[in-house]
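Across the two complexes that follow, chain A remains constant while its partner is chain B and subsequently chain C.
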Partner chain A sequence: MRTPAEQGLSGELKKLSATGGARIVALREAAAKAFNDNGLPHRRVEEWKYTDLRTLVREALPISTPAQSVVVEAHARLLVDTEVRRIVVANGAVVPELSGFADLEPGLSIQPLAQALAAGSDVVTRLGSLEPGRYDAVLALNTALAVDGVVIAVAPGTVIERPIHVAHVFSGKAAASFARNLVVLGEGASLTYAESFEGPEGAAYQVNSATEFVVADASSLDVVRVQEEGASAIHLSTLLFEVGKDVKLNAFGFTSGAAVSRTSLYARLIGADSAVSFNGALLLKDRQHADSTLFVDHQTTGCESRELFKHVLDDSSRGVFQGKIVVRQPAQKTDGRMMSRALILGDDAEMDNKPELEIFADDVACGHGATCGAIDDDLLFYLRARGIPLKEAQSLLVQAFVGEAIETVANDALRDALVERAETWLKARA
Partner chain B sequence: MAMLDIDNLHAKIEGEDGREILKGLSLKVNPGEVHAIMGPNGSGKSTLSYILAGKEDYEVTEGSVTLDGENLLEMEIDERAAKGVFLAFQYPIEVPGVATMTFLRSALNAQRKKRGEEEISTPDFLRLVKAKAAGLGISQDMLKRGVNVGFSGGEKKRAEILQMAILEPKIAILDETDSGLDIDALKIVSEGVNALRSPDRGMIVITHYQRLLNHIVPDFVHVMNNGRIVRSGGKELALELEANGYAEYQQDAA
Partner chain C sequence: MPAVQETVEQVRSIDVDQYKYGFFTDIESEKAPKGLDEDTVRFISAKKNEPEWLLEWRLDAFRRWQTMQEPKWARVDYPAIPYQELYYYSAPKQKAGPKSIDEIDPEILATYEKLGIPLRERDALLGIESTGGSRVAVDAVFDSVSVATTFKEELAKAGVIFMPISEAVREHPELVKKYLGSVVPVTDNFFATLNSAVFSDGSFVYVPKGVRCPMELSTYFRINERNTGQFERTLIIADEGSYVSYLEGCTAPMRDENQLHAAVVELVALADAEIKYSTVQNWYPGDSQGKGGIFNFVTKRGDCRGDRSKISWTQVETGSAITWKYPSCILRGDNSQGEFYSIAISNGRQQVDSGTKMIHLGKNTSSRIISKGIAAGRSDNTYRGLVSAHRKATGARNFTNCDSLLIGDQCGAHTVPYIESKNSSAHFEHEATTSKISEDQLFYCRQRGLDPEEATALIVNGFVKDVLQQLPMEFAVEAQKLISVSLEGSVG
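Right after this comes the complex of A and B.
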């Protein structure tokens, strides 16, 4: 039995783009076939147990059409005051007139994916190379249907100081938008990459974004994501990392948007002695549902991986954290630690934690932990006894709670912007 | 009328089977007076301090507490603080992630706002904290850290006194401020408290031991046992208690 959404999506999959050469066309066709064979995941598929897309995605929306750049400019609010190089992607298509393609630092290349595909750029040979090798419906749809996005390449040894910010904006009537991004760091390169997502409050639009990160030996990558989609939106995203040796990788996600969101993160650690961390702060209210699912695959020796996720759950919101660390037999001396903490503010809020460790090596240090609880009454009393009113005391404590995760962001300007986003959320609550 | 007037206060732990802890306690504190409350463990001293500050784990069943004629028991916790009630905690709580400076400033401004006063400017605030912190031996590093996080027992007590110095309460309740202090720390804390003695301010100093009262010399000493004050006197009463213990009062109660 196929749902109306699956039928609608299969209809879209009959009209695949033919750009990008034989390899890309074959990728699209294979992804479309996989979707047609397997459809949307449901709660009996373990990795989607808490986020049943077959139920949550009721209908397939038409693929979005380009938005007017003046409208987009007005809607692109996230991180506008932060010192970055901004590339704007509206409804899944790069908007050149709002994007900073000029005066690139030496060794830096940025181009729209559509353009890179048409030109047959070298870097595009990496597109699709990070896919996890098993069926992921959201990624399959992205691979089949995304025709634009941003491709960034940093030449070996190049340090890019100014963060690159890819601002994804949705505007217009409810539609489905797809974007595919590729970030390739050469050996010893360094980059801070931010991506943000926003759109109108009332529209029930759908966003499917995937970004592949090829992180070569001895390079350093900071990723900051801000997901503040409109309150009725569905946001589905996939982050794929291939990590070489001696890499420093730190990815952080801030989530306060969308009715339903799911971020799947796949990290393949193929080089030795790298240090990676994947952290998140999620502030949810009303009936929002946010699912963060991570697969960290230690394939070789001496890598350190850290995950710290902080959820603040108000009203009837629901947070899901699934973290899987796989340590393969050759990955001796792996040090992996995962922690999920949730602060429950709403009477009907729910947190689902599912940490998993799969360890095949015998000389490793791995651990995980999860906590859920309300704001500590003794802390509240202490703050109030000094004259701080209840709501303000709660805000200070919530800010401190998510602050621990936000602190992991190295870039000062982005970190300040994230603190400010958390404050904005708290003010709206008070 | 006394500034703080506690009259026939009865209170129990919240809940159906809550034990009665205060059983008719009366105490009047006038501006400028320092009252010491001494008594054995379990006599209700800390409960009294929590009830004055507004902790919600207790239920007042009888009696009244007024501050300048206003019913204290009807006020929210933060409202009491803004009216000038300050409790120096026996066990100051660590608040990770909230910097001491942010905390002090939020508290001071919240109180000022509630009293209809203007917020303090940043330079004035920094000057104020710097001046008060120096006297208590509190470093800039401690001020940048989370409230009480990683502080030693003595540092926590000094930080409490710093908060009191900045918030300038009308009535300060010091709950076993001497517990966990060595002699040097006791001296610093006592000096900090003495510097805050003022004709406009009342203090209630709760302690087990006479030792603290050598440093903070009270105007009145009260013996508390089994939920009420069983004897009151001058500072010499503390010496008598030190010599004879609380046994005679506990027998009275039994």
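Right after this comes the complex of A and C.
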């Protein structure tokens, strides 16, 4: 039985874009076929056990149309005070008049995906090359339907000081928007990449975003994501990493938006001796549902991976963390640690943790931990005994709790902005 | 950290090729016709002289089983089980109902003697006196039937009912009817439903109110006949304020073909009662090339039905080609407790997928999970567990610790925990640590003159002790022999 949403999406998949050359067209067709064959995942599909898209995505919305740049400008609020190079993507399409394509640092190239596809840019040969070898409905839809996004390439040895911020904004009537981004770092390059997502409170729009990161040997990449979609939105995103040797990669995600969100992260560690970390802070309330699913694949020796996720769950919200560290047989000397902690504030909140290890190498140090519970009464008492009101005391403790994850962001300006986002959330709560 | 030579050798010594209990007892047996249909179910029921309601219960299970699919989610890979090629009932031929131990076929007695299980109470006493331990009552199950149950009278004096379940059906139908299938429902899962249809023997224990069972109870399961499956069913009920400790052991001959073992164990603990259930599972694991061995698909579940009740599972899993086993606790009563201690060792081409479920329903319930997995050879060892707190389970607590160790580079160790909390006051902690021995501990020991190997052995002993010390004395010795393996470097 196909759901109305699946039928609607299959309808959209009949009219695929023909740009980008034979390879890209074949990718789109294969993805569309995979979706038509397999449909949306449901709770019987292990990776989607806690996020049943067949019930959560009730209808397929029409694909979004470009928004007026004045409207977009009014809506783009996230990280506006931060010193960054901003590229604005509205309803899945780059808005050149709001984006900083001018005065690029030497060695840096930024272009809209639509333009790169039309021009047959070299860098596009990497598009789609990081897809995992198995069916992921969200990614398949993105591959089939996304026609624009941002393509960034940093030449070998180039250090880009100023962070690049891709601001995804949704405006207008409820629709589905798809964006595909590609970030390619040459050997020894360095970049801080931020992406944010926001949209109107009332509209039940859907966002499907995917970003591929090709991180070459000895390069250094910092990724910061802020997801503050409108309260009725559905946000589905996929992050794909291919990590070379001696790489330093640090990715952090802040989530407080959307009614339903899911972020799937796939990281393939193909070079030796790299250090990667994937962290997140999620602040949820009302009936929000947020799912973070990680798949870290250690394919070679000597890599270190760290994952730290902090959930704060108020009201009847639900947090889901699924993390899988795979250590393949050649990946000796792997050091992997995964930690998920949840602070449950609301009586009806729910946390589902599933940290997994799959290990085939014997000389490794891997571990995971997961905890969930309420705020420590002793700590609350300590603060209240000093005259701090309950809500404020809770706020302080929550700040300290998520602070540990936010601290992992290296860029000062972005970190400060994130701390401020967490404070805003807590203030709204009080 | 790779295993040191000593460990590797110790593991080899318990390798699958070293299986000691692989002999076969040549004894005439009576079997049900090959294959499984309603007639097989009727045959088994008739053999056991069962009342009509139980036959209907079995037939209902059988009909439901036919509509079910074999589960595929576990991390095990095995050839299709030819359900129609198996014998579902096999019993050694003997005169109806041996009155005393002397009427039992001497071949069977010899078998148990060879396995080190004393069936004569006199022998048992003699044997135990020399080791100075307590006595153990044994129910010996040979293929599909129970051949002997010891210390029955003495237990009866205390009011404890300990007998084969087939006898309990006739003698205590009200208890069996009330509790059978109340913890593991007929349609719980594919293998439990199959068991419900064709279960043959197993133990039945009832401990009355306020009674502390005067001795350890145990069942020794032996698969002997070729091409048979063993489908035992155990039901233990601890009435209010009672206590019982139950041990279970299992072995089978070495054969090239795989044999199926699909058991169901149900435990019911009423208010203030405590059940301690220990298993040393040593079914034939197959040879080093993965030929033969038992397919062990077991559903074990305990229901802490009353307030302040407690159920504790301890298992040492060393045998079976495939292990699919998740002893679980339903913490229904307020302040009830569940425990799961496990050591799972896989070697050769064994595949283990085992763990537990702790389902917190009552208030202030607590659970504790300690799991140690060791994978060697070309085996795969998976811990799969669920801890969940229901909306009403205020104050639920759980602590989980699972460690695993890989010896050799051809094996795999995996951890798949599910932790679901629907209650803000629930407090769950899960850790799957790399139990690589801490440098500090090693340094401390070496400072005192121990060489690295000795230091490692010492620390490792402490490491497995968590689980070993949960075993009753009688089993601890056997278990220790099975796992004199050091765990000096391990992965979660």
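Here is the rule we use: the second predicted complex is superposed on the first by the 430 of 430 C-alpha atoms of A that agree within 3 Å, B and C clash if a C-alpha of one lies under 4 Å from a C-alpha of the other, contacts with A are read in each partner's own complex, and residues count from 1 in each chain.
Keep this in mind: contacts are C-beta pairs under 8 Å (C-beta built on N, C-alpha and C of every residue); 3 or more make two chains touch, one makes a residue touch a chain.
What you see is a predicted model; the values in this text were computed from it and never measured.
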{"item": "Fit-or-clash call for chain B and chain C when the two complexes are aligned on chain A", "value": "fit"}
{"item": "Touched partner set for A:329, first chain B, second chain C, both or neither", "value": "second"}
{"item": "First, second, both or neither for A:396, with chain B first and chain C second", "value": "first"}
{"item": "First, second, both or neither for A:428, with chain B first and chain C second", "value": "neither"}
{"item": "Contacts of A:388 with chain B and chain C, given as first, second, both or neither", "value": "first"}
{"item": "Dominant contact partner of chain A by residue count, chain C or chain B", "value": "C"}
{"item": "Which superposed partner A:104 touches (first chain B, second chain C, both, neither)", "value": "neither"}
{"item": "First, second, both or neither for A:404, with chain B first and chain C second", "value": "first"}
{"item": "Partner chain(s) touched by A:379 [first = chain B, second = chain C, both, neither]", "value": "first"}
{"item": "Closest Cα approach, chain C to chain B, once both complexes are overlaid on chain A (Å)", "value": "15"}
{"item": "In the complex with chain A, residue positions of chain C that touch it", "value": "1-3, 73, 391, 404, 406-434, 436, 489, 491-492"}
{"item": "Residue ranges of chain A in contact with chain B within the complex", "value": "377-379, 381-390, 392-393, 396-397, 399-401, 403-404"}
{"item": "Touching residues on chain B, where the partner in the complex is chain A", "value": "53-56, 76-78, 80-82, 86-87, 89, 92-93, 95-98, 102-103, 106-108, 110-111, 114, 146, 163, 167"}
{"item": "Footprint of chain C on chain A - complex, ascending", "value": "46, 327, 329, 342, 344-374"}
